[in-house]
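Think of it as A, B and C in the order they're written, each chain with its own count starting at 1.
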Amino acid sequence: MSSLFDVLPATLPVLLAVLVLLDRRLLRACSLFVLFALTVALTWWRLGFIWLALLETLLGAVLTGAFLFHALGISPARGASPARPSHGQDPVPLIWRRTLIHLIPVLALMGMLAAALASLPASDSSPAVRWSGLVLVGLGLWAFALHTHLLRRLLAFNITGTGIFLLLMTLVGETTTAAGQGLVITGLAVALLGTALGALLIRRLDALAPSQQPSPVNGRQVS
Amino acid sequence: MIERLGLVTTQLPTTGSSMMTLLVVLLPLLLGMLGGAWRPWRGWPGLVVALLSLLALVWLTQQIATHGTQAWVLDLGTLTLHWRANGLTLLLLLLTQLLVLASAAYAPAYLCDAVQARGRGPAWLWPLMGLLATSLSLIWLAADLLSLYIGLELMGLTAVGLMLLPGREEALAAGMRYLLLALIGSLAFLLGVALLLGGWGRLDLAGLAEAVEPGPLLWVAMALLSAGLLLKAAAFPLHAWLAPVHGSAWTPVSALHAALVIKASFFIALQLWLVLAPRAAMAAWLVGGMGAAAVVWGGLLAWRADKLKDVVAWSTVSQLGYLLIAFPLLIGTSQAVVSIAWGGVWLQLLAHSLAKAAMFLAVGNLMLATGESRVSGLAGASRRFPLSLLSFGIAAISLVGLPPSAGFTAKWLLLHASLAAGQWPWLVVLALGTLLSAAYMFRVFRYSFVEDVELQDYRPVPLRMDLIAMALALASLLLGLTASWPLAILAIAGGVP
Amino acid sequence: MSQGWLPLITLATSLLVAPLILLLPERAWRARAVLNLSAALLKLLLVGLMVVGLYQGREFAFGFTVVPGVEFLLRVDALGMMFAGLSSLLWLATTVYAIGYLEDSPNRKRFFAFFSLCVASTTGIALAGNFFTFLLFYELLTLSTYPLVVHRGHSAALAAGTVYLRYTLSGGLVLLLGVVALHALVGDVTFGEREMLRDLGPEYHSLLIGLFLVLLLGLGVKAALVPLHGWLPRAMVAPAPVSALLHAVAVVKAGAFGIVRLVYDVYGIQLTFELGLLTLLTALSVFTILYASLRALAQQELKPRLAYSTISQVSYIVLGISLFGPFGTIAGLAHIMHQGLMKVTLFYCAGNYAEELGIHRIDEMNGAGRRMPLTSLAFTVGALGMIGLPPVAGFISKWYLGVGAVQAGMPWVIGVLVASSLLNAAYFLPILHRLWFRAGPEHGKGQWPEERRLGRFETSGWLLWPTLATAVFSLLAGLLAGVPFSPLDLATLVATEEYLP
């Protein structure tokens, strides 16, 4: 059953990521993201990177989660207040054609990456993790292009980042583990700071926007 | 090529130069923290201390001129970081310190007299500015990908933070967009680094230069790295975020951003190409083509722009195109071409940084004085604000590349290099860029000479703000005829093989 | 590298005046006038010193390296001295004139600052020792004249300024490309090192022809060679001293002077001749001379007529150069000075008429000779000189041109000269007739468009004296052409150097 033990930690994050990115309710998506981060921490632990597992739990799950909830207007002091309507729905409905069109460049990128990875020696310990990392990157980018809601984009960014971290750690060899860990830790810190900044910004924008209307940035096509 | 970047060295650093480098890197941060705590409304005491780091740099130059390129290997357990300092590094450090110093000297008067900013924003300005200087210094010094990554991320987030400080809605919206793009850019960079690490198992640039071999892995990694960096550098198809960000930012922050932050991404990109793909002429032509498109498109946007700050911001896109032409001129060309283009590229960077910072400050002064943000609001400015307009004009001379400015000398070198390399298209691009930049710059002047306009109320800005803009503009002008001086710094210690 | 400081100080006299003027407050017009005049006098003195030194065979050069292989070089030679002498002389006159002309008008500080910069660039062009330095000041000239052209700030001035920039910046850019290409081909060419291009083999000849054309295109814009002349008549909206300066010394002459440098000091007359480029220049200049004269005939206002006349007259310089032989050369070079003196006189007169009487159109000039006799006398001298009547300086130029044409084996050029002189007469003589022989307001018929009593004499002394001075100089340059240090003498010196190695 060792193969199942290998495959499960690798597939669980992917499944959770799909749920995070496609859930209609933002509050649930954010909760799922915390769960996602915890499973990734589990994967780190399985791979033998205890420090990364701890940091992922702390930075990725706890702090990032806290900031995400903060962006939703939920703080521990006030308890769970219902999210505002503007946060509950997406301004642009997901239709199949849009979804597919955004999939094409992502698939092209995935193809490129796969071609590059194919020329590398296969990961000895965790081939499944590498592929799940790759899928996470693709999923995240796709969702990033697809969604216009700022919070969803932050979620997508975090998932892409996590995918890259997973990919990175399966690529490092014995001698370069330290360098890889350095990169991932920096990346985690950056992701946390970025999310924090983004969450604070969303709050400020909501505060500045007229109260009843959806905040102006939500509807705007970013990039 | 990696000799020019100072990556090949056997020199061990002297203790003195290590201390001084550390001082140069950390002093701005320290001063920034202090500034955040005390919020100086007068910049002078802090500036006097900040001059220390300039002195340290001069001393460092002396050291490197005598001892050669200094390289540091920092062992942190199993992790090793590589730093180096050569002529190029020194030049960029010097530029950074000068510009940060100028912005810091400009900021108190700007915040106090002009913007009348209250709240927490001004308090955050100082530490963020210090952090920006530190992260930039780190980028110039870094000789391995991990240090570069740390520096790049630090710089990116700091820059976003600085842009957000005004706290107005449009600043926040533009800042949010900038943040998301910067984050995506850094992810692409990290993915590229991951591939390199996986492929060749090392992160130090000198080692990678020897180890890498062409193949799909290298190409994908380079594509990712370049895409991430060019996004951050606002290179042509990825430039749309730039003008809105500048439009609402504080003037000294805009100046630093256009002069240094964008250049840092360009610097990393060029360095990586020179180290990892020094023979990839075809791909370099692709980047050069992007540069050409940037020159033309940025110029057109600047020409059509309605707001003063947009003119300046789009001109950054256009000017960055000149720098991107460095890729085809430096990659896969003969030694003779490289030796001409090398000086031209860095001179262009210096000229543009100084001139663009000066121009942002001058535009800030003009906007404060007239209370107008549109170009047409400048009507009659030549009589009322001659000093601000003169600084703007001198900076414009350098940006257009008219003699005797540094921009001209740089353009001369780039033209010469393109001719020597037989790469005719760049001649056309440089010529077009000159005409376009002249068009959008003189459009601004045209309004300022309008005489028959009723006197609207205006308030003069403090003289200090005008003088700082003027000093930077003059620096960019005078570097034109004294170009041998920065080129001499560039050449010391392994700058020329 | 002996006595390198002299050219540098000469340049600095006008270059450093500009920031000083900017520092003075707007209302300190006395201090500004003193500063301007003393700098102009000092410069005239220094140029005089250099001319004397040149005759004694001394070398003046100042240079430093800008980037490896490119040098900034100021050097004194006979050709440059002619131009420097002209610019410093006319600067003095025009400064006096401008002080009077701009009295009580706004933005004088800005005007005089850029005026000084403009003269500094002209001096730089004269002293430039290589094409890089030449280009530097050539472009600086564009920049410093733009604020002068748009000085008045109304929409016509702004439109003219835009046209002016379009032409000159494009021309400057083309010149830059040409100079860089030349630099890439043979490295830094110091003016006078003709052998560098001559020694290139015949396989380079087509390349050299192409390069020459590019450089000519760049220089031709400022020299207002047809069809690159469009900016000049429009730039007439500028104040009179600016027009005078643009036409007589600065911009147009810079272009013509550049062509002279190109032909004599870079390519060498021999090589230019062998490449067949002289014929091209002859054709171009003949066409310009005739076309511009015809256009001048059609103008109803005084200043545009003078502008087209300038276009035509400057081409005499190019025509002189293009005639292979010492006499053509002498004619072309001497005409740089002669045309400058005469044309500046005419423009001063036009300014005087406009300031004192409000006259802009030619048909308003009836009887002005009685109201403003001295100005009209000066105008007559200038106009007769343009036509080429002795003893005014213009006669000398045309005489030498004719001899040069015969010497070069192109006697048909004499026909062109005659035709052009007739055309000149056709557009100047009617004006003279109106001035002196028609009855006008002074005779009790009609009235002046806008009469002002500006001074004790017929107009303000500041306006009158420079006008008379330049008129006298144009007479003297003709009368005393054989005396040492005269324009003709300097031109002969240059020609001897060129043809007798």
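The rule is short, and it goes like this: a residue touches a chain if its C-beta (ideal position, glycine included) is under 8 Å from a C-beta of that chain, and two chains touch if they have at least 3 such contacts.
This is a predicted model, so every value here is computed, not measured.
Participant: Most remote chain relative to subunit A, going by C-alpha centroids?
Facilitator: C
Participant: Taking each chain's centre as the average of its Cα atoms, which chain lies closest to the overall Cα centroid?
Facilitator: When every chain is reduced to its C-alpha mean, the one closest to the whole-protein mean is B.
Participant: For which pair of chains is the number of C-beta contacts greatest?
Facilitator: Most contacting pair of chains: A-B.
Participant: Quick one: subunit A and subunit B, Cα centre-to-centre, how many Å?
Facilitator: Taking the mean C-alpha position of each chain, the two centres sit 32 Å apart.
Participant: Roughly how far is subunit A from subunit C, centre to centre by C-alpha average, rounded to an integer in Å?
Facilitator: 72
Participant: Would you kindly tell me how far, in whole Å, the mean C-alpha position of subunit C lies from that of subunit B?
Facilitator: That pair's centroid distance is 43 Å.
Participant: At least two partner chains per residue is the criterion; list those residues in subunit A.
Facilitator: none
Participant: Please give the residue numbers of subunit B that touch subunit A in the complex, ascending.
Facilitator: 77-80, 146, 149-150, 153, 157, 160-161, 164, 167, 169, 172-173, 175-177, 179-184, 186-187, 190-191, 193-195, 197-199, 201-203, 215-217, 219-221, 223, 240-241
Participant: Taking the touch rule as given, give the residues of subunit B at its contact with subunit C in the complex, in rising order.
Facilitator: So the residues of subunit B touching subunit C come out as 343, 347, 382-383, 386, 390, 397, 402-404, 408-409, 411-413, 415-416, 419-420, 427, 431, 434-435, 438, 442, 445-446, 449-452, 480-484, 487.
Participant: If we count contacts the way the header does, which residues on subunit A are in touch with subunit B in the complex?
Facilitator: For subunit A paired with subunit B, touching residues are 112-113, 115-120, 137, 144, 150, 153-154, 157, 160-161, 164, 167-168, 171-173, 175-183, 186-187, 189-191, 193-194, 197-198, 201-202, 204-205, 208-209, 216-217, 220, 222-223.
Participant: Per the contact definition, I'd like the list of subunit C residues that touch subunit B in the complex.
Facilitator: Residue positions touching the partner: 22, 64-68, 70, 72, 106-107, 109-110, 132, 135-137, 139-140, 142-143, 146-147, 150-154, 157-158, 161-162, 165, 169-170, 172-173, 176-177, 180-181, 183-184.
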